[in-house]
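Going by the order they are written in, the chains are A, B, C and D; count residues from 1 in each one.
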Amino acid sequence: MIRPEEIKMSAEETGKWGMVMDQDICTGCQACVVACAMENNITFVGEEDSGYGRSMHWIRIERFWEGEYPEVKMTPNQPMLCQQCGSATCEPVCPAFATVHSQAEQLNLQVYNRCVGTRYCANNCPYQVRSFNWRDYERPEPLSNQFNPDVTVRRRGVMEKCTFCIQRIHKAQDKAKSEGREVVDGEFTTACAQACPASAITFGRVDDPESLVSQLAKKRGHGIKHLEELGTLPNVTYFKGG
Amino acid sequence: MIKRLFDWLRQPLGLIAVGITLLAVFSVAAYGISLTQQAPEQPVQFPHQTHVAFGIQCLYCHPGAAKGPSAGIPAQAKCWACHNQIAKTETSLLLAPLKQAVISGKPLEWVPVAQVPDFVQFNHRAHIAAGQNCENCHGDMSKQNVAENPQVFNMGFCLDCHKQVAGDDHEKLVKLVDCGTCHY
Amino acid sequence: MTDNFSRRDFLKLAGVGAATSAILTGCGPASRYVKREPYMEMPEYTYNGLSTYYATTCRECAAGCGLVVRTSQGRAIKTEGNANHPLNLGKTCARGQATLHGLYNPDRVTDPIQRKRGNASATAVDWDSATQTVADALKNNKPSEIAFLLGTTSDHLFDLVADLSAQTGINPPVRFGALSMFESRATLAKAAENLFGESGMPFFDLGGAQAVFSFGANFLETWLSPVSYTRGFAGLREALTKKRGTLVQFESRMSSTAGKADEWIPLVPGTEALVALAIGRLALELRGGPLPRAFSDIDPKSAASKSGIKLETLERYAEMFANSAGVLAIPGGAALGQTNGLAVAEAVLTLNAVADNFGKPGGVFFSPLAPNQAMYQRSASVKEMQDFTKKLADGKIKVLFVHGVNPVFELPAALEFKKALEGVEQVISFSTFPDETALESDYVFPDHHSLESWGYQRVATGSNQSALSGSQPVVSPFYNTRATADVLIAAAQLAGGKFAAALPFKDEVEFLQSKIAPLMSQSGGFFSAADLPTFMAYFQQYGGWWQTADSRTVPNTADIFNRSLKAPEAEFAGEGEFFFMPFVSPTLAEAGANKPWLQELPDPTTTVMWNTWVEINPETAHELGLEDDDVVKIISEAGELELPVYRYPAIRPDTIAIPFGQGHTAYGRYAEGRGANPTDLLGGHFNEAGDLAFAGMKVKIEKTGRKQPLSRLESLMGVYGVGLGEEH
Amino acid sequence: MAENTNIVHTHHNTEAHFREKHLMLDPLPRGQMNDMVMESMHTTSWKFWVVFAILSVIVAYSLFYSWGVMIAEGLGVAGVNRPSYWGIFLVNTVFWIGISHAGTFISAILRVFKAEFRRPFTRAAELMTTFGLVQAGFSVFMHMGRVWLAYWLMPYANQRMLWPNLHSPLTWDLLAITTYLLSSTMYLFLPLIPDLAMARDRSTGWRKTFYKTLALGFRGTEGEWAHLRNAMNIFAFAIIPVMFSVHTIVSWDFAAATRPGWNSSIFGPYFVIGALHSGMGAVIMVLAVVRATMKNMKYFIRPEHFDAIGKLMLIISMAWAYFFFNDYMVQWYGGDKWTHQLLHFHEAGPMGWMWFAMLFFNIAVPWAVLWNQKWRSTPWIVFIVGFFINIGMWFERYIIVPISLSINRMPFTWRLYEPGIEIPLGIGTLAFFILLYMGASKLVPLIPVWEVEEGQMAHEFKKFGRETVVSVSELE
């Protein structure tokens, strides 16, 4: 009989990069969503497609309703993005190894150029955070001048998702290496965390007990990891607060 | 009528004619496709050889290689700094486009030689810092006139070297063959 | 100094390279046709492939947040918050992030143009003749016949025009912005003046508070300075260092702010003053002692019944005011945008006196004035705009210059601004974008986009520190545009005489320096320098100048309890059974609709994208036989609109709400012909402070029988259970 | 030669009556039978060409042009979205693989069990397998976002250290379907050889060349027959596990995913039986059409065959109902809240009608009709039943794929699926299937004449006193 702790131990990942979401202070202002789109060259899809579940947001803010008027309440805003699972369900199902686990960074990679577009990963993602390039969405000149040269521009038929701003991770590591030091906690952060006016998103090393994410997680007590019961070992912790 | 045509085509001469026609169509198509794959000509037949022979270091003109992802093409001002002191600049046919560009203030349009696809995030700095020399990838410029790639920069080329460099160091190998190291 | 700028020539190059080929080919193989243009002269701090960062100021609203823009090879790639900036501390809102979609918008005005008013096609003119046109307009008209209508951003341009007007006698510049209309800034300022004897922008210290009672102030979305108030809200909730603070929101429709509140009180519109006074009286009664004059007239019981709030609830709140520290009451937004708005503002501000929080952590302050500001200035109230519009209509103005504002779109339909323009001989717009007002102008002399511009913005509120936020170009102008300040300076020189004397500058940068130079002698600054070039360099590098010390002031509340406070009934204009509640779309606001990524942003409360909707309580919708996406006609006394229904669970059954932000008839491909503009329903009714009673209307609803599906991010099935079938 | 003797009680049946009823007891001279088959191949009415032309246009537009549009524009022209990332493409893939199952089932299983009624229609069924798989291939390739890179799913040597992911059910699927396509094509071809040789000997012109090439020089010597029998036996036995595995693996595409409603251990057999259900329905439809439209076919395909297949269909329908109930029961009883939500959505959601229609078509219709021998022997009735079953089974796949995908563990993303270009594309595959079949009916003998002849040789009447009995000889 294997006990759950053992499963966790035997799963190869303890996580490296992680995020803490403070739902109590998330105001749902959508700054993270645009910041992410601008940083990662995410395309907009227009009214019809966005209303048909084809919007490409890598991060979305979920809110539900509780109760009936006048006792109605908005549930705490829940920013939902790729949870960078330690044992991701998207990874094994890709026939082309286009979504693979990065051994070096402990992230779920999406290798755009290897993707053939079977969309199995998206079906199998319990968080439904993958977006597919349904078309070559037009970004007329000169809008394309804004593209971030560090991030590949995707075309039709390719799956994409939140990368935890891996380009920023690489850049910070490269910089640190060129200066002969380690990356310092807080030296860089993801686009969403950087923009968040309420500082509801914190990003950092979860394997470093001294980092801000680890400290926050410790201080706030038990956070929720969504759908943890599936054994996905997500690396994003949510605090409902209140 | 058509039957006669078919009959004619069936005889050896006809078969040869058909063959030649097919070959011609195929060649034209192949040539057309190959045209799309050919790089345009460089605006200046830049002699790397000569510059290297003068003892100019690669990093003098391409300093970005040591600092960041892109090695860069030197600004025209950099070319001109030396060339306006060289008498030959006035007369050389080869250098006319440079002179023209400097006078008109229009940049020369160089054609990139060493290219990786845009889904590859390549960083020169890391490679130079790891002790790689320019010629390991770009070939010996002291023997080249107009730069040409000594090899195709495909994933096999990258990986071969990465694996070799990593050797038995598992941690290094993990980093160097990780998809996310180059593709994001 | 503009020479200086062109000498940087960081933009001479087309930053082609791998990035552009990435754009062209996407994930496909790299094209073999890529060409690379080198810099003519490499700026010394630039390396290919490495980014350069420039500090500047966001102009998407008037708050004045500091930005740091990442540029790569002459292209602006990403806006980030300026971490040093005292207002936003490195953070940005969605609109600030999307400012690049304005810069690289495919529908900018690319050249100075001349057009027949209302005609989309136009002929390009060159800048020399454009400058001549402006010079002629200045020279050939009487000063009293020249007017400037400016927006709420670009304080330096306002200063320039104000100087020009002061010295030449042309009409003082009028400033307006739809946001300030929906914020009811004039009312807030007037109330402060009435109560404290001093005009100014109150500062509400959310972060230090333990309990916040907000009467209509939607400070998490658009009110005054959303980024800094969001930070304040996070401080209120910060449970690590102190007890988690509570937020109570009084408003008829649940905004994002109300959604985050612990208690949302959908009170009867117009009864905010009653409620505030009732809470105050109950609190004072709990404390004992004599009842001051301000609270002597109010009857809590009748206030409770009129507002539809239980008396026990009011008593509970009163207890918080009476017994705990750090209780804060904020008036704002729709609560003030009613005929009794001034009374509401005064009542709520006075409630803070009950909590005795003035000048204390979690209390009310006056926002510090910006370093180069002598007194508090506010933009025009709609009443003042009505007077201005009347002047235009009566032909008293021969030349109208418009910059930074889009009055045809933003002003209430009842003011008939577009019609008033017919009374003006010459309308010259400096708009960067082909907006509705530019369409109704004779000339459009496009200004640079804010990221291509010099300037400064005074931080009006939201920061403890007195701050002047600086702008500098982060990229060279993409099109044949010219800074309006430069155009005016050049035109003034051409016009000669007093005009030339009023603006004796070489260019915009010299003017800026003249305005910034006095700061060098001020102490307590974030940096100082002995000479102007060094000071300017720092100013550009850090994105402005601010004092390090807390320079908020404490309002004089000596007399506050001795005023007689009334709570007049709010009047509602028009016939109809529904209160009308227009609110500003937090993602689009007045000028965001042309940015495609803002269009694609789900509205924080409804998750609707790319469109306008009307929010109706599901019960009401059921009674009216309305479903989601049914198009209804909303009829007010001033006009009518057709909109699809959004059954919004958190709105009073007798209220409907429409977001402001869409409904453009011009303004580029992403904005044009999309949604509807609620200002088309707004009449011309004002409160005592001259602010528009935008929430003081009643409207009718008619079915049209048509359907128009709204694009929502949320799932109707998953969130509302629509179409999931009967429950087990 | 061992002898099986079946005693048939002949109260009022005469020998003539037997002959009329049973093909095996109604032998014709070999030459005549061969000629009849050749004639059925050669006799082509103008109606055939009209239908052929219409179908060709449909295929050209609906399949190839539409697909071209989709490749150029992206999958946005289809109805797939978040969360229904898979749509009718996968429905059609499973459907066509299902159709292809009956061919093998009828041919191989009945051959192994020596069921005599199989003889005239094994070929017709096997052709369905191959052509059905072709459509399945089309459907699955259409589904891919970047179909021009489909070869990446094949293991081939490269210097990038990259192989297909053997952990992915899609890779298993690809391998299984490829294996099945190859083996079923071989299994179609082997029994075809003697008939091709027969056709070769009776043809002229290009047809002669065609058959000559394909017949591989078969002359009918004792040795050739022995080898052929051996090969056919091996294939008949080997292809049965392949067939079962293929649809089981197809089911794993769903069952191996961590989705409510999909993650079910009974999906393997449930899919296999579902495949047989629709496949049998398709076989009976094809037989009814072939019998009605092609010359001389009323001799070869008789009500007894519809009767026999009808019985099989009834049994399979019952088996399907059993598996359906089993799957439903376990999920309903033991499932989590998401599974419950999904099951509820199946029945009461906006597409609930489809769920009930599926049960009606798959269970109620066959059970109500096929118990009656007279009805199940009537070609047009069983044609309709087969048609209904195919609709029902298509619905079943539609419920499993896009409808089940609408519900997941993130209610914020639930959304319905509305097909777009999938509809013309789906019609295109259907038209292409029919087109291929029509083409084949003119090129290869639809009736395996040698098998019929072999069967007829084995059957004979015997008299036990006044009783007429039929005896069947064991041929091998």
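Quick note on the criterion: a contact is a pair of C-beta atoms (placed from the backbone, for glycine too) under 8 Å apart; a residue touches a chain by one contact, two chains touch by 3 or more.
Please read all numbers here as calculations on a predicted model, not as lab measurements.
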By C-alpha centroid distance to the whole-protein centroid, which chain wins? A
Top of the farthest list for chain A, CA-centroid basis, is D
Between chain B and chain D, what is the gap in Å from one C-alpha centre to the other? 54
For chain C paired with chain D, centre-to-centre distance based on mean C-alpha positions, whole Å: 66
Averaging C-alpha coordinates per chain, one finds the centres of chain A and chain B separated by a number of Å equal to 37
Centroid of chain B to centroid of chain C, CA atoms only: how many Å? 51
For chain C, residues contacting two or more additional chains: 17-19, 22, 26-27, 49, 713-714, 719
Within chain D, the set of residues that touch 2 or more other chains is 410-413, 415
Would you give the residues of chain A that are in contact with at least 2 other chains, written as numbers and ranges? 52, 60, 62, 64, 97, 112-114, 136, 152-153, 158
Once you've mapped the touching chain pairs, tell me: line, ring, star, complete or other? complete
Enumerate the contact residues on chain A facing chain B in the complex. 97, 100, 102-105, 107, 109, 111-114, 150-153, 163, 166-167, 170, 174, 177-178
For chain C, which residues are in contact with chain B within the complex? 12-13, 17-19, 21-22, 25-27, 29-30, 32-42, 47-50
Footprint of chain C on chain A - complex, ascending: 24-25, 27-31, 33-35, 37-39, 44-48, 50-52, 55, 57, 60-65, 68-70, 72-74, 77, 112-113, 136, 140-149, 152-155, 158, 191, 194-200, 219-220, 241-242
If we count contacts the way the header does, which residues on chain C are in touch with chain D in the complex? 713-715, 717-719, 723-726, 728
Help me check something: in the complex, which residues belonging to chain B touch chain D? 154-156, 159-160, 177
